[in-house]
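Chains: A, B, C, D, E and F, in written order; residue numbering restarts at 1 for each.
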């Protein structure tokens, strides 16, 4: 039977709290590769390119292989669907976001043949483009890599 | 200026960890009303009715007023959109979910005239209807009540 | 230049008010073929089949030609999208509807070569499956036939 | 039991006909606050900002409270979903709209504890960006405020 | 009973292979009107306008009648939904496409009263805006005209 | 630079024509693993389970690894989105499908480190649940495995 390390929970704790708290709550994840960052925008493509660029620059995915870009891209898109809750759109429908992001890469299943997976967490605020007229939002995407 | 208590983060920590950890990480939320529960299903309407029933039974929303049911309903639906990431469907597309849910009700804004808001968090697994063939998923919905 | 008779407005007035009021407000539509009916359900396919069956039985579309069924089907689907506002689902997400429907068929454009078009209006309530816990909803679909 | 004044019907009659006709057909709505306006655009955010700006300027929602902006925003988005029928997009998919809008605020339920609700109606034409190559479209959104 | 010539298959073979191969595989389609073309873009509206412009210029649809524009538009939109697989968006979510398109117009049903129909095929690549980081994609839309 | 063998085109030719024609048109794909089959249904989950079961039984994916099930599942879902063109629903909106399916697994990129990918093609008819009242539909999904 396959047993699972919760890389999605770990990614989410990294955006909700901070590296220290997340690692303390989930010591089993210390082998995982992680990155965290921030992005504020009215364009979905800025969210995608910010996470992709950070992931490539910090070596969480290979720059040269499409396979890894493809895996990360779909994980980001799933996380963005959580953020936008039903309509894959922000600026076009007058919303702006301020987000913290985290990417976690590692082997979550006990059976090592399940290989590596990637988790993308987005957490922050969404709302009108006026300070304070916003509420929280969260998204998580997971894919095999 | 309006300052915000993160009820969405609190709701999410309640599903990711437990009441003790969530309260310890966010002592500013101790005034908030909360419920937590669990649901495993292949039908979206079971997710919705489980959260609604728990919320009514434990008095987090009024049984008699449509206004409160309406606010909770849309918060649940937004959380479900995060869980399903783009397609509002589970059993119909051969997916099953095992979820922990939390509902938080309280006043997140410093300006008391912003009134009460409600946050619904869903966290667990989604996947094929075979044990182990699943990965994590998360959703958060927030609404004024 | 093409000038337009508002068959969508006419169909909507038929569901919002009644035949007498609609005809009085839009005397220019007296040549149009119309049907009106009612449907209460938790299944989208019941909405579709109720409108299609009524339209065939009262001769607003031909029973034998797929072409006309195809045109009506897509007009109904567009109206249903207005009713459900973003998620093409009712019972699966715990909603029930009580609707009045109207179908209008005729030539809305001054240029007769634009031929016949069809308008489908749906108006009524959507909400929790509990009397009173519901609000209004409307949808309109238009297609060439 | 809760009895309902049809604020959605009233909002729709305001966009389909005019203030005089709408008031005559629904005298029970005379206490409701209303605004009407027009917008022609290829951008969804122009529809949203036009309705929001008019609503704030004419005092139908409070300028300072996010709560009211949030309620109106989601009502507009639901109405826009009716207009676009399935794809929340206009200019990006080569469509342009010419719309009349109406916002109605008031207490539709007999039980006064249900409080105030808001209805947003959009009615007009959608089509290719060429005069005459267009047909009608309608949308309605309703929310508690 | 209505028998069918597969205009969708013919349109798809025109984009997958070439006119000679397609005609050889489907000699029954030789009466059909066809056009083929190419488009590379990050904007959905460029796909739509390229196909519409080619179809008008080569006389596959009438320039003056909205009816035919309306039929073609919805066929294109359905094909685009196949290309984008769930989210009607390309550049906004950091995707670029390189597509071959084909439009076929003719009478696919044995019963001549079913009249003319139109098929739109799109085939090519979708992916990151970097050469090689892309995979294939296909879409087909069919409508009565 | 990565060069590509068109596994999506190959999968599509397998559903549009037959194994002999597909292989003759694309001799470069002879190393690829393939399966073909048929399904007629009003339920999306029957499409998914038919393709998954055939793929496992004929050894195109591993029965024991979730990783491969996950890759195939998302490829099927993308193909289904092409079939349903915008609404991930069939029976619920009164549509029935008769489909041929093909799955292709192999290394499409020249750079062998890009590894194996999977393509799922669906082609057939969609329409009212009445013989003849239907038209063609196509879908293609591609994923790394």
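Just so we're on the same page, a contact is a pair of C-beta atoms (placed from the backbone, for glycine too) under 8 Å apart; a residue touches a chain by one contact, two chains touch by 3 or more.
Chain by chain, the UniProt names read as follows: A, B, C, D, E, F = Hut operon positive regulatory protein.
Computed from a predicted model, the values in this text were never measured in an experiment.
Interface note: chain D and chain E, two copies of one sequence, contact each other through mostly non-matching residue numbers (shared numbers fall below half of all numbers used). Just to note, of C-F and E-F, the chains joined by more C-beta pairs in contact are E-F. Taking each chain's centre as the average of its CA atoms, chain B and chain E sit 43 Å apart. Centre to centre, using the average C-alpha position, chain B and chain F are separated by 36 Å. Note on chain placement: the centre of chain B and the centre of chain D lie 29 Å apart, centres being C-alpha means. In chain F, the positions touching at least two other chains are 2, 66, 70, 77, 86-89, 92, 109, 132, 135.
Judged by the touch criterion defined above, the protein chains are all mutually in contact, each touching every other. Looking at the complex, you find that chain C touches chain E at residues 2, 65-67, 70-71, 74, 109, 111, 113-115, 143-144.
Of all the residues in chain A, the ones that touch chain E in their complex are 43-45, 48-49, 52, 66, 69-70, 73, 77, 80, 88-89, 92. Interface of chain F with chain E (complex): residues 1-2, 4, 6-9, 12-13, 16-17, 21, 25, 77-78, 81-82, 85-86, 88, 108-109, 117, 119, 121, 123, 131-132, 135-142.
Looking at the complex, you find that chain A touches chain C at residues 86-87.
Those residues of chain C whose C-beta lies close enough to touch chain B in the complex are 87, 89, 91-94, 127-128, 132-135.
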